[in-house]
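Read through the structures below before going on.
The following pair of complexes shares a single chain, subunit A, combined with subunit B in the former and subunit C in the latter.
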Partner chain A sequence: MYKNFLRYLISAIFLITFSISAKADFKVGFVYIGPTGDHGWTYQHDEGRKAVEAAGIKTTYVESVKYGADAERVIRQLAQSGHDLIFTTSFGYMDATNKVAKDFPNVKFEHATGYKREHSNVSTYSARFYQGRTILGHIAGKLTKTNTIGYIASFPIPEVIRGINAMTLAAQKVNPNIKTKIVWVFSWYDPGKEAEAAQALIDQGADIIMQHTDSTAPVQTAEKAGIWSFGQASDMQRFAPKSILTSIIDDWAPYYVERAIAARDGTWSQQDTWHGLKEGMVAMSPYNKGMGADLVKEAEQLQKDLASGKIHSFTGPIYDQKGNILVAEGKVADDGMLLGMNVYVKGVEGDIPK
Partner chain B sequence: MEDLLIKIEKRNDVPTTLYFFTPFIAIILTIIGGGIIFYTLGFNPIEALKFYFITPISNLYGFSELLLKATPLCLIAIGLSFCFKSNNWNIGAEGQLTFGAIVGGGVALLFYNQEGFYILPLIIIAGAIGGMIFALIPAILKTYFNTNEILVSLMLVYVSKLILDYLVVGPWSNPEGFNFPETRQFSDSARMPLLFEGLRIHAGIFIALAAVFVSWFVLYKTYLGFQIKVSGLSLKTAKYAGFKGKTMILIVFMISGACAGMAGVGEITGPIGQLHRMISPDYGFTAIIVAFLGRLNPFGIIFASLVVSLTYLGAETTQIFLQIPQYTGQVFQGMILFFLLASDYLLFFKIKFQNFNKNELRH
Partner chain C sequence: MSLDISFIGILIGSIMASSVPLILAASGELITERSGVLNLGVEGMMIIGAISGFALMVITDNLFIAIIGSMLSGVVISLIFGFLTQSLLTNHVATGLALTIFGIGLSAMLGKDFVGIPGKDFPILFSSLRESIPFFGPILFGHSIILYFAFVLPFLTSYFLKKTKLGLIVRAVGDSPVSASNQGINVVLVRYCCILYGGGMCGLAGAYLSLIYTPQWIENMTAGRGWIALALVVFATWSPIKVLIGAIIFGGISILQLHMQAVGFRIPVQFLIALPYLMTIIVLVVISRDSRKIKLNTPTSLGRIFYKEK
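Moving on, here comes the complex of A and B:
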């Protein structure tokens, strides 16, 4: 009896403190997994935030927020301190975002690359990065001399495996002998580990390096070794001017501005967004002339065809590593299959870490 | 010709009150130092310090978060105080925390989707045993093979993290988790009961408080505590008195490991609710600062754990409100330790300026 009373009393005080945090300006909060100076993933999200700011909306960000106990507190603090829309920009914030969303029905939440929308105030969004990977694969397949492509991967989640497969399929189309070697670093941002992984791949004969991690360490390692590489998330050209063939750019700015304005004007509603080259959420940085004028033309044409939908990154026949058919001839993989992808296609070396 | 000579002498009588007072001086100096840093960054120092030290705990939720963060720090620091008091330099509490969480988390997964009041106590005991086993490795190597416990315990941190990596990526990963490196969410019977609706603070705080009282009793009221303190002050005296040094080393490491292991279990069964790769933002290392700031005294450690966890929370709020990088938290923790060590130095040694004649030496 007494215990219950105490519980209610404290819950009441707790709720009152919440409601006191008065509404003033419309504010948008951002939670980042890495530092804004990573020049990759987080950097691009921060560019998106700056665009929102330029549109006349106040923003706040918190960088280098670890998954786990800290993420939930940071998201909750943003919600509590009067932020009306909160972007949580990494997969690992999925559960924390939904948990906090439950307690703040008036605050809108946007979670990047996740799939859980447990409450009506949670939207998810992601980009079809794999379309960019198809272009990288085409270029890599044409340029490699050792027929070995080195791939630095973060976590074996569908998004990353999808990228590996899209790249490998495109490379095979122009060069059937291609092999994709992968090193898993189990981190989104760890320059030391990423550089080591790049070196390990070079030592194993890879003459083209690409990455699904956020730092510029791999492209710098490739530049030093005098081999080709591809930038990730933002235009990394200035970190490896000779080596980088092109970078896949994540352009979140238009989406962030659109959603922030919608939330401010009261027209925001729950969505699941998956945009690509067509909408401009995925873009390619200028192609390196070093690859040859013909190849630049091919890449530009491929980019157009992927954007228009004339070419799909996952067009059958596609086989898994054992030779079983995944997508039949003449068919394309549907979004459901892409979202749950957890097998390698033929030509990728090794096993998915299990 | 005359020169100024700086002479450093050990003080013979250091008053106990001053000894317990210096941590406060260190904290005040940290606040002043922090204010100067904020000022040079172009912020109003008073306002920035307010955001740093007051805003995080200005409401009930914030205060509960402070206690939540202080719980593992306090528990680990209590364990470490046994080691440090007896001159055993266990630097690897982070590894013992991780291994405790692995063993405890393993038990939690074993009882997945089962009900029972006995599950949580089992997990806690498993975590304590896990931490204990992991702490015994440097202890045994030290007592029987004369290795350096600082190096061994520190390097074992990386070993434990790699074991955790392997488990959450491989055999223990969530079958429905799209290969993301994490286990299933533990079922409710494997979670620490929450103390209040809507707050994350959990029953683990009672484990930390119990550890404080038990350690006070052991250190100040038992023969073991006396042995620990004597060995800390002088190993030779301890040997002369016939204390069994080896057994004592094993015991203090086991206590320390058990505390760290339980802290790990408190995190995974409390706010996190599963095992993944980042179960601790280096609590095991930060607890070393806590232990020294608390003067290795059980009640001092409670106070120190609250101060240090405030530096974490303050870093988050100053970033939210003033957009100052979160790394200021580490700067503040570093300043606290620096000022504490510096004021300790001045406490235990006196610096004398003397004039002396070089010519005299030439004879």
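Moving on, here comes the complex of A and C:
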């Protein structure tokens, strides 16, 4: 009797688990590098996820997932637990995403800011943040009094270097004496370190701070020091109302909704997406009136021209630090060059950490 | 690097601010270890202090309650450690590690609703003097009360251990719990007190991060500072003053390396980032060479389980 009961119980459990996994509602999974409340990078991806949810598609997410073995474990877990489409939203998930994709050919993968699509079920997508950096550079070049722009950088990858270069080129155009000082913190998210880096740059004469890291600590430090700053990834204005001139906003929502619907309806195919101001994947938060009405107008015009393609962020002549020509006069850098960018342009101080 | 004198003053001021959490946590842990208890849960107790302080600040809007609450939360969490190691006689190392893992997880859970809320300005003392006196102004004035407390604490700790009867009891319990017990000292009670004190100081160190240094709550925001505090205690050979020196060196070089980057020194950045760890170890090893003094300060029964036969 008891044995029989046990047998029923076990088969019942099996049946239930099987029916749950077999029922398989269409589900989308998200993997985040930071907490959803970072008010930066991850926050914006989560806004995108909410849009997918609003479109009537089930989603789940895992936050603060470290690169490496942790990432692979989490992605694999999502694939195993019946997710049909998985967005991995940080550069460092590149190899883990491709590795798991190989073992789950029926699951679709979308990797942000990477370039590896080793299997037909892996797409990549990114935004042309550098267009936003061009606007920041223009504003910074006009506003700096010390001719020193402080830049807090995370990791020496093309994405970050491209931003530094785009900003410097735009600033040089309006102010040839500009210097870009860079501090590498080797982290996407360490408020203590980001704040110290901002302070170090301010102490070294920077009167405008911008960041390619995800926390709000640098803009808060700038606010305290009474200097200008730019927000990153989302509108950080309420953390530093006086200091923030504008923020580059990543708007992933339309892309996420489009891809999730495509995957659900079976029209999903591998692609490599790189959208910018034109498509709205990159947007600028309202410009701070404190920069003056004329400069606001200039920034808005520049934003329009970048979106329409009238102006390209990387228009020649562009020289590297040693004075070698990178892009000839009258030409613009092609996407291949932008994607693999690993040298500083002239006017940036220091070396790229190797 | 612009080397004018007022700039150096500002720099020293920010170095002092960055070393405060290390001084507080290491001073607390030092007392715990001098009583013979090795608590590896510093990081866990700090992060619990950080979230408790921040959460209380948001809820009550009162910084005093937030600071006291963060210390109490450190005390409570260390009480778990105390109960396990002193009453249930579990292994110190394993229990301490578990405490850290527990603390990080618990704080992330508690902190869910507090992410992304801007912090409040913590009052600073003598801010007018800071501006009016060049060089010494930014060093001596314009800090929070916690910073002044942190810089006095190592001297108080040193005095307590060397000159007071209670300090003698703590040291006796750490060196030879059996003889102390035979003298009629309640070893377990003394160790409990030292553990709770250490917990309180770690809680305060965490609150300094979330309320004063970078006023906001972020998961895992202690970022390994607890482990550095632990290492400082050992490398400073259990001397409070050397803990202070070590903390300042570590804080100092962490800040200086960022300045060196900003100035554009042509040194590999990876090396600069490793520099605080290297320099702190080297300096502390050099100033602690006297083996006789090390023996004098080292709690002989550190990490050993004391069991009173009935």
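The rule is short, and it goes like this: the second predicted complex is superposed on the first by the 332 of 354 C-alpha atoms of A that agree within 3 Å, B and C clash if a C-alpha of one lies under 4 Å from a C-alpha of the other, contacts with A are read in each partner's own complex, and residues count from 1 in each chain.
Following the convention adopted for this analysis, a contact is a pair of C-beta atoms (placed from the backbone, for glycine too) under 8 Å apart; a residue touches a chain by one contact, two chains touch by 3 or more.
Since this is a predicted model, take the numbers as computed values, not measurements.
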Look at where subunit B and subunit C land on subunit A after superposing the complexes, then choose clash or fit. clash
Tell me the contact category for A:158 with respect to subunit B and subunit C: first, second, both or neither. first
So in the superposed three-chain picture, is A:64 touching just subunit B, just subunit C, both, or none of them (first/second/both/neither)? both
Contacts of A:271 with subunit B and subunit C, given as first, second, both or neither: neither
Determine, under the contact definition given at the top, whether A:191 touches first (subunit B), second (subunit C), both, or neither. second
Looking at the overlay, does A:217 come into contact with subunit B only (first), subunit C only (second), both, or neither? second
One more residue to check, A:321. First (subunit B), second (subunit C), both or neither? neither
Counting only touches as set out at the top, which of subunit B and subunit C does A:81 meet: first, second, both, neither? first
If you stack the two complexes on chain A, which partner ends up touching A:285: first (subunit B), second (subunit C), both, or neither? neither
Which holds for A:39: it touches subunit B only (first), subunit C only (second), both, or neither? second
Contact residues of subunit A, present in both the subunit B and the subunit C interface: 64, 186, 353-354
For the complex, which residues does subunit A have touching subunit C? 35-39, 43, 64, 150, 181-186, 189-193, 195-197, 199-201, 203-206, 215-217, 220, 238-239, 349-351, 353-354
In the complex, go through subunit B and note every residue touching subunit A. 59-61, 65, 68, 165, 169-170, 173, 178-181, 185, 196-200, 267, 270-272, 276-279, 281, 313, 316-317, 319-321, 323, 325-327
Tell me, which parts of subunit C touch subunit A in their complex? 1-2, 7, 10-11, 14, 18, 108, 112, 115-116, 118, 209, 213-216, 218-221, 223, 254-255, 258-259, 261-264, 266, 268-270, 273
Could you pull out which subunit A residues touch subunit B in their complex? 7-8, 10-11, 13-15, 17-18, 29, 60-70, 72-74, 76-78, 80-81, 91-92, 95, 103, 115, 155-158, 161, 186, 340, 342, 352-354
